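In this document, chain identifiers A, B, C and D correspond to the written order of the chains, with residue numbering beginning at 1 in each.
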Amino acid sequence: MQRMALVGAGFIGSVHAGNLAAHPGVDFALVYDVDPDRAQAVATRYGTVATTTIEDAFDPERIDAVFIASSTDSHADNLRRAADAGLAALCEKPIDKDLMAAIDVVDYVTARDGRVMMAFNRRFDRDYGALQRAVAAGDVGDVELIQMTSRGPVVPPLDYIKVSGGIMRDSAVHFFDLTRFIAGADPVEVFASGSALADPRIAQYDDVDTSAAILKLPSGAIVQIDSVRRTAYGYDERIEVMGSGGLIEAGRHVTGTVSRYGANSVVANGMPAGWFERVQPTYAATLDIFVTSVETGSPFSPSLTDGLKAQAIAEAATRSLTSGRSETISYPTPRAE
Amino acid sequence: MQRMALVGAGFIGSVHAGNLAAHPGVDFALVYDVDPDRAQAVATRYGTVATTTIEDAFDPERIDAVFIASSTDSHADNLRRAADAGLAALCEKPIDKDLMAAIDVVDYVTARDGRVMMAFNRRFDRDYGALQRAVAAGDVGDVELIQMTSRGPVVPPLDYIKVSGGIMRDSAVHFFDLTRFIAGADPVEVFASGSALADPRIAQYDDVDTSAAILKLPSGAIVQIDSVRRTAYGYDERIEVMGSGGLIEAGRHVTGTVSRYGANSVVANGMPAGWFERVQPTYAATLDIFVTSVETGSPFSPSLTDGLKAQAIAEAATRSLTSGRSETISYPTPRAE
Amino acid sequence: MQRMALVGAGFIGSVHAGNLAAHPGVDFALVYDVDPDRAQAVATRYGTVATTTIEDAFDPERIDAVFIASSTDSHADNLRRAADAGLAALCEKPIDKDLMAAIDVVDYVTARDGRVMMAFNRRFDRDYGALQRAVAAGDVGDVELIQMTSRGPVVPPLDYIKVSGGIMRDSAVHFFDLTRFIAGADPVEVFASGSALADPRIAQYDDVDTSAAILKLPSGAIVQIDSVRRTAYGYDERIEVMGSGGLIEAGRHVTGTVSRYGANSVVANGMPAGWFERVQPTYAATLDIFVTSVETGSPFSPSLTDGLKAQAIAEAATRSLTSGRSETISYPTPRAE
Amino acid sequence: MQRMALVGAGFIGSVHAGNLAAHPGVDFALVYDVDPDRAQAVATRYGTVATTTIEDAFDPERIDAVFIASSTDSHADNLRRAADAGLAALCEKPIDKDLMAAIDVVDYVTARDGRVMMAFNRRFDRDYGALQRAVAAGDVGDVELIQMTSRGPVVPPLDYIKVSGGIMRDSAVHFFDLTRFIAGADPVEVFASGSALADPRIAQYDDVDTSAAILKLPSGAIVQIDSVRRTAYGYDERIEVMGSGGLIEAGRHVTGTVSRYGANSVVANGMPAGWFERVQPTYAATLDIFVTSVETGSPFSPSLTDGLKAQAIAEAATRSLTSGRSETISYPTPRAE
């Protein structure tokens, strides 16, 4: 039974709270938020204790592991706190919006033998996991072409866009990580192109809302990723991996199996209304893997280095958006992991 | 907040326990089972109190509503207890295996203004609900043909078969209820045919494991229902409703969206391994409707009468299996509801 | 190169004419129709010779094989003519609407070593053929349940209904034949139920337009067939075969692969507008098999006996529509084949 | 009735011959090929006349329109011949492999008021036509993202690769044309990336077999096109168009509707074995549009200018493959059309 603290009780923190409460291997010991009311609300709903003192969440007398779901700008500090306390940590991405700052954190944590798993939850999607295992098992032969789609459904508020770091760092980064996860290789270059079509005001922040990127893997294999902020048809994700031996695809999700046959058409259920409906099951799966890793002492995956690498790809993609050329990806080298 | 007791902590009782614990409108006050250990296990897991005294579960001082998930032969007694105590009850089907005994219970409960909802959980399946609403809204015009499939995946143990009342009463009954629910009409006659193919020993109990039935509605519309105990491909349910204005279908469920394209085939995810994986979400939905009905005082649906009527169809279908002819369905007339 | 005559130049005769003209192994030598203009129109369109003398079509000096696509009431005479002339014949179903008369024809043809293939074209549907081969190869193990759907889209004119022999003989008969073809066994009993819902005037001819039937095979396996004259959603055929080892299905056809994703739905192409669009490719395939059989001297399949057996099932099904009980099917025994 | 000559009786010429013979509005008057035997074989099979004199095919006394299906290096000469003779021409792509030479031809033909339709047959694919009409009708709102896939199944012989002009000019060019057709706009820039993975020897001809391209439309809309020479799963084409109002997709084709349900999977029909099986119906559709345009005097579409523009995109894409940057597309300006 792992005694776990939750740091951060916003929307996604509440989701994690539900999963912490329901996990048979977790003693949901404590919740902290900068807003005491939010922490208390979660505590009441899920039968745990709220604290207004962040140090409580990193107290090794009471806590074995911490779930860091606080605001992005506090990830770095909280990762350092966990490392100082010798606690295992499950951390929302990114490590830090600034890649150089993120490298510093990784160095700090690594020097203290910190144990951190990055919560790239899409790795734990049922279907993407099946893809990764199939590719790793050689089911499609050598990977030659990967196509990923990540779309919508709503442009975030401009206040969010402004500080998001741009679509590559904020949104495509999940799929940069999935590229590495599924292909089992680090892309070497990336080209990206985009426009602000859904909300032209986004352009004033040097950002786009409709984009496509082409990456090249060391083998020469090609990866296409389209990232779009707004759709009129719900939230849309899909991945296909073509190799020398065949194709494997994780298709679109729909909200039911009902079909209506009319005179000239068949009308079926549409796509999930939002990203949350689509990826919700991945959060519990991510927590479950984390708990298992803590219990068994097996390596945390995705690791901090995985977090850094996804960010490094996003950096190069962001440069390409303005340079108009394919950018070489340079991966950071933390002192060790 | 409804204070609810759970009577019955077997497999399905445990499922209900999880839903009772998670429902924000329910105070899961108490659990009873004939086996104290089972009750205690559920109490420990879901943070409630176990009792060894069944009367506790029907104590109006402590309890507002009871979930009757005990063994079939105790349903009748527990329905009477709830009526005596003036508690609302959510009851697993059937009311009683014996239709005459079931009618007696309904009379008893009705005389005491009992409030009972029958837990025909498939009515609360997301896709079947969509069918029902579409039909009720006239989306397919006048209903002309309904096709229902209910299959597998495993023949129950012979000890269960022996006392099950046969495939029509035990399994097809869910679809007899769905027929009434979706068509909004009571079938007038039924023909059924079947064989013991999966396990020929079933024949010695005058039962079959592979069957099909044809019902006729008062309008002349035709309903086909195939009920099969064993499949080699998982659990398979589907319904389609054809009307004068089109067709609506609730299709097969599969376990994911992964497809593998090979030289001459596309291999996709298969069907759910068992009935439980397929219908699991319907249990929480059923409870939710019950709680809402209790809170709002709206009529309970499906009602005891619905329960009797589904049983009456099963009786006629069972007769038809041996008579070789279409049997008229006679619905019981309890004194009132 | 087989010199072939076409007898009958109505709608379906014209379809056969196009296939005769296009088949590289056929010399489309001659066309006859009771209406000389129709024969001439086909002759002009497809570059062959029209005749007003039916004997020309059965002249062994000029003709090797005859395609009998004339009106149903002339099938018997034309089959006798082909037998007298020693010509191979491909004959539209039925042999004769009257089962006793049909038996007489078969006896007559058999006594003269006549070579006849019945044009049950659905046996040569790409997908149904795949089902038959899969079942024959044991891919689904022992057959346990077959579900067939045959629907719409339009109620034929009442003048046609009046002389059609009823829905079982006229429409379901194709699927009675497919049952034998796919299951490789002769059903032993059949129950049928139906109503006149699409056009209540059909009832005055003791016929129905919406029906379902349950057949039992010697093994105890169950077959469900729904036959419906009218749909609001195009022409609908599908077959599934469940066995002890799995399920194989020939699914619905749609008219294209276009899908439109909107806010809450995916709208895809609908079903074929009519039966002809759905089954068109089967006609050329049927002709091709016939030509191959003539060239190689291999047995004709489906045979006259197959034609008689499908009719015999339709007879029993027609009786059941009014008797309300499962009828035993008695197969005719022609002297030999 | 248009008197038509076919110039070129190779594989694809033979396909056109069958369509010319079957089209009710065409008098298939003559066939020419540099190889007299090939011309004769086609003439015999389809009941027309073979000639060894190419001038016969452009003789306005005998011919109204010419189908130019000869080898690519003779397209230019044959287009000039048709213009000189005042004949309408349906011409296989490209006009000439060399873009400058192609511009000269267009100038020549235009000066003589030549009437030419380019045989970009994919425009006449049933499903792609539906996409184009839907987009033109505003069904998806403003186009924002197009995704096109064109794959396999087999790497052509190296002798072909050597003279093909590369994957962008030879293969992707169809989809560059479809981009203009469906989006109704001329892309302004293109980035392309690729590798020789299926057959590394292709690299020695500065060509690739696995590629992806990103184009930008004047509106800022993004187009992704992946072109791959080799697949292990048959021939694969699909297109999706996302706009501000929804998504429309022309999905993968499969070879049938058969599904096999097994313990953990559903195995369905795979994709077409080759490109020909997939696109075959488009040839007759292309011819039909041409004949209608000739008969009605309506403008030929796609026009010679359409042919030039698709080539111009391919030129820029080819440059990008080596430059590593997004290339501006400069469209040729023929004197007039």
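The rule we apply is simple: a residue touches a chain if its C-beta (ideal position, glycine included) is under 8 Å from a C-beta of that chain, and two chains touch if they have at least 3 such contacts.
Chains and their UniProt names: A, B, C, D = Inositol 2-dehydrogenase.
The structure presented is a predicted model; accordingly, all values stated were derived computationally and were not measured.
Q: Among the chains here, which has the CA centroid at the largest distance from chain A's centroid?
A: Farthest by centroid: C.
Q: When I count C-beta pairs in contact, which pair ends up with more: C-D or A-D?
A: Counting C-beta pairs in contact for C-D and A-D gives the edge to A-D.
Q: Mind checking the centre-to-centre distance between chain B and chain D? Centres are C-alpha means, answer in whole Å.
A: Using C-alpha averages as centres, the distance is 58 Å.
Q: If you average the CA atoms of chain A and of chain D, how far apart do the two points sit, in angstrom?
A: Taking the mean C-alpha position of each chain, the two centres sit 42 Å apart.
Q: Return the residues of chain D touching two or more other chains; collapse runs of consecutive numbers into ranges.
A: 140, 232-233, 236, 246-247, 261-263
Q: Quick one: which bits of chain A touch chain D in the complex? Just the residue numbers, please.
A: For this pair, the touching residues of chain A are 141-142, 144-145, 147, 149, 151, 191, 193-198, 210-212, 214, 216, 219-222, 224, 226, 228, 230-233, 236, 242-247, 324-326.
Q: Flag every residue of chain B that touches chain A in the complex, lowest number first.
A: Per the touch definition, chain B meets chain A at residues 22, 47, 126-127, 130-131, 134, 139-140, 246-253, 256-263.
Q: Give every residue of chain C touching chain A within the complex, in rising order.
A: It comes out as residues 232-234, 236, 254-255, 261-271.
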